[in-house]
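Next up: the structures, one after another.
Two complexes, one shared chain (subunit A), two partners (subunit B, subunit C).
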Partner chain A sequence: MRYLILAMKNLLRRPVRSALTVAGVSLAVAVAVSLSGFNLGYARAIDQSIEKLGFQVMIMSKGCPYEAATMMLKGGTGLLYLPEDIYAKVKSDPDIASITPIFVGIAQKEGSSIRDEDEGNKSFSIVSGIDVESFKVMKPWLSFKTGKGYDGGHWFAQDATKEVVLGYEAAEYEQRKVGDTFYASIVPNGKTEPVMREYKVVGVLDRTGTQDDGTVFMPILPAQEAFGRMGELTIIGIKLKEFSGAKMREFEARWLKLPEVQVVGLQQVKTTLVSLVGTAQTMVAAVAAIAVIVAVIGVINTILMSVYERTGEIGIMKAIGAYRGDIFTLIWYETLAICAAGGIFGCILAVVGSSGVEAAIKALIDLGVSGSIVYITPQVIGYAMLGAIVLGFFAGLYPAWRASSMRPVEAIREGE
Partner chain B sequence: MNKLLLSAVFGLLLLAQQAWGAIGCTLSNPAQDLKYLFPEMTSYKEDAREFGKIKEGEKHFKNLKVRLGSDLDPVYETYETPYTVYTVFKGETVIGIVHGVNVPGKGGVIQVFVSADPTTGEIKRAFFQRIESPAAKQLKSKEFLAQFNGVTLADLYKHDYYKVADPKSEKDKLGNLQPPANLDEKGKPDYEASLRGIRKNLILLDLFVFEQKAEPFYQRAQESIAKFNAEAKTGEAEAKTEPKSEAKSE
Partner chain C sequence: MSDENNRPVVISARGLKRHYRRGSETVKALDGVDLDIREGEMVSVLGPSGSGKTTLINLLSCLDAPTEGTLTIAGKSVAGLGEDELVDVRRGTLGFVFQKFHLLPTLTVAENVELPLVFLRRPVDRAATTAVLARVGLEGRSGHLPRELSGGQMQRVAVARALIAKPKVLIADEPTGNLDKANGEQIFDLFRSLVRDEGLTVIVTTHNLQLGYLSDRVVTLEDGRVVKEEKGQALAAAGAAH
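Coming up: the complex of A and B.
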């Protein structure tokens, strides 16, 4: 304990230098903690986003994903459809825990512009035709918004033809409440002109942070009928009884035999998304590693300077009976104290600044996930503290050895 | 290719939520939209306004409902709803004010904008940014919207009086307001909502920009309507009592 007190007193003799060294270590620790928090948070956000899709596997028409994304980005009518009998075939697969058929169509909305030249620019909304019962099994967390204007929200009956449930953002965008009318302009398959249809809003969903927020839900049959695509589906969403790589491959092999479909596991989507930001993460990790190295060099430099300044003092300590081990411990404690303090302040800085880091990351790159992407856990903080102390352990070795190896007489002479 | 497909799947699932734009009645592309309205514009300023941030906000919010003559939507026309006023400059000179409001239409929101003269508050041009309606085409027609050019909030208040007391008055600038040609029954609710939107827009503009200079016209119109109604009642009462007194004298 007395070594520690003496070490602290020594550090406080040069408060500015000590504080700057602690700040250097803090920054390095903060960067490392933030990066670890980002790695954890991003993986968690992807997991949550995929989990909230409700299904682990999708069966869709070949070429559909690319076409669909192009359509979303550039407009057009590129969604591809599956014959409905595939649903009947897949439904009997023994590995399936739950399955739901989904019909997706794009309704035209009036463009948002005041300029005549933009008159032709149409907006769009996603219309999902669903089978309520199986859809609810797939997404049990969906709930209805309550409060003024929203009370009494419920799912439509499967045979209802003029009822819709709006996702949270779809309702806000159109400023609709429960009981309001909702217009959707739909171009039936094979036709060129849209037909404006009138629906009654029977419910508005709570926010989920997923694509469901912007979706207009209606029973599957009226959706197929409105789009002129009776007997067709866009996606079959599936949850397997056991979701593992092997089971997924078996399932895929069984159904890829069908010529018109592709089977996509959302785990693959996750891997792709993670690899998309992998390069960026590696670069940030490299920056963090450089920051740690710079901090270590800073600590060694500070302690060495302190040792050289106190050469005479160390000589006197040895002359009056201090052992090599006493000097070694003292200098080593000083290093550990700097690194521990840096670790504590660094963790505080990372926790306090996590929202800023998150905003900065989101502003720089579109990660394609919603929700928080920086997740700092107690374990991360624990590892960071441990890392800082280990850093101090090694950084203190050389200055402590240097100080403890001084010969008393020479040290006193040099110190004069 | 596989990666592209997988990204696209996720893109499909995630982009859906981005298909919906931000809520609130702001211009979609202020720089281009204002330049379109005012080709001579050199710069513009955007000011966010809220009832909660203006003096006596609660009183003004209650007054809005009264002056509008209809209930406010309890979810989308609340005390907290933000508004944006665009001030358009040519050099140092203010050449126009642009302001928009959301009003609930029958099957979707209607965004009604006006560009107004910065000194008189007269509508230079009224237009829709969004209108989801079977009558959208008719309501957006230049012929229909041109009827609002030159109209002020004071004219709307005066119209309230003329509508009751003298429907054929030539002084009523809005007396001859015609619904768009070919407007069918289905489009009528959105026509009404559009008129409400113009009125709401001007009331708010008068409050946010013109220091309520149209307020005396509102007060006078209401007093005149009350006076007219009272006189009409007295007249009716007299008309009812006259035959009795005649009968008595007989």
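Coming up: the complex of A and C.
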């Protein structure tokens, strides 16, 4: 303890230099913690998004699997359609536990209930045409918001033509409650001019943290009719009786024979998303590794400078009774103190700045998931602190060895 | 004189040599010194620059190892000992004062004085620290930082640091080299009083002949050899009094 206090006081001798070295370590630790938090958070966000989809397999029109995946998890505009009769064919597959057809269309928000202040900034609402009964089976957790203006929310009847259910955020954005009128500006397929349509809001969903929050739900038939795509679907969501790699491959082999169709397993979606982001992660990991190396060099440099500046003092300490091990310990403690302080500040920086990191990552890359993608756990913090201390452990070896190896008579002479 | 000669020898050097290479040349910094230091005496080592004073002090302090010869400190031969074993000899037996004070600037006066106890793993007794500081005339300065002290005061702190572990021998290498005349005399007076009142053995090197002769015995070195050994004024005065 007395050595630790002595080490701390030595570090305070050059506070600016020590602070800058601590800042270097902090930065490296913050990058490492943020990266680990992102790795964890992203995998978690994908898992959550996939779980909240409610189905394990999708059948959709052939195209880019990444686009298909992100479209399902987060929404998108590059929609492809498949003939509705495929649904009828697939439905009879004996391995299917439940199946639901979904039609997705994009309505312009411009011209709908809320007009954007910026006329040039056209944004979009996702409109999902669903089969209520099978959709409810897929997503049993969906519930209706209650409270003033929201009570009495319910799903529309399948044959209703002018009723919609709004996702939580869609309702917030449009400032709509149960019983209000919802306007949708929809350009039918093959037309250039939008058609304004009116619907009655019959329910607003509770928040789910998925793309459902921003979706406008309506029965499948009026959705197809509004978008001018009668007899077409966007995806078919499927839950298998037994979900395993082998079963998935069997199922895929059966239905890939259909023209213009791709069978996408959601584990495959996860792999695709993770591998696509993997390159960016590798680059960030490389940056983190460089930051750590620079920090280690900075720590070694600072402590070595400090050792050389105190050559005479080290000689005196040896003269007055310090063993080599005492000097080694003292210098080593200084290194550990710098790295531990860097670890603590780095973790604080990473936790405090995680929302900023998340915003920056989301601005740079379309990750294909909604929800939080940086998840810093106590374990991550623990590993980061351990890493910082291990870093100090190794960074301190050389300066401590140099200091402890000084011959007292030469050290005192050099310090004169 | 006979009384002084009956005191036990605390440091004994025989044929002490310290040679080292400088390029192709062998420098004989110390070339066969025989010397006995007895308990409770103050010995000044005088000589011009390069005469081997500091080399001798370094060997007697176990800070350096002789090339040849034997050295016994407090009855223990130090020939062939490793660095940590030499530390063992120094700990508790020898105290050091150097020309530059080498106080740790971030530690207070009291903490600097207590530093040897940290390395000796002895408990720190602030009352003992205060007493040592009072002994060197620095009452009330324990909380000050070194930068708040004068050169003379810093050297007194260095003396207090050397005394805190209660050594048998205090070894001072040019302790007045960075001090003015008045402060130099005060340091020597302090050494004299430590010898007189507490029976401490003091070995001191100096360029200052006037101060050097204030000791019991004066050893003069030239070219690494003892060329003269004589009584100092202190012993001469004591002899005259008897």
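Assume the second predicted complex is superposed on the first by the 248 of 416 C-alpha atoms of A that agree within 3 Å, B and C clash if a C-alpha of one lies under 4 Å from a C-alpha of the other, contacts with A are read in each partner's own complex, and residues count from 1 in each chain.
Simple rule for what comes next: a contact is a pair of C-beta atoms (placed from the backbone, for glycine too) under 8 Å apart; a residue touches a chain by one contact, two chains touch by 3 or more.
Since we're looking at a predicted model, the values are computed, not measured.
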| item | value |
| --- | --- |
| Touched partner set for A:53, first subunit B, second subunit C, both or neither | first |
| Touching partner for A:13 - first (subunit B), second (subunit C), both, neither | second |
| Which superposed partner A:157 touches (first subunit B, second subunit C, both, neither) | neither |
| Touching partner for A:359 - first (subunit B), second (subunit C), both, neither | neither |
| First, second, both or neither for A:256, with subunit B first and subunit C second | neither |
| First (subunit B), second (subunit C), both or neither touched by A:211 | first |
| Subunit B versus subunit C as contact partner of A:2, first or second or both or neither | second |
| Which superposed partner A:317 touches (first subunit B, second subunit C, both, neither) | second |
| Contact footprint of subunit A on subunit B as seen in their complex | 2-21, 23, 27-29, 32-33, 36-37, 73-76, 102, 104, 106-109, 111, 113, 127-134, 136 |
| Complex contacts: residues of subunit C adjacent to subunit A | 58, 61, 63-64, 83-84, 87, 90-92, 95-96, 98-100, 102, 104-107, 115-116, 118-120, 161-162, 165 |
| Subunit A residues within the subunit C interface of the complex | 2-3, 6, 9-10, 12-13, 312-313, 315-326, 407-409, 412, 415-416 |
| Interface residues, subunit A side, partner subunit B - complex | 49, 53, 58, 60, 65-66, 68-70, 72-73, 109-115, 123-126, 148-150, 169-170, 172-177, 180-183, 185, 196, 198, 210-215, 262, 264, 268-269, 272-273, 275-276, 368-370 |
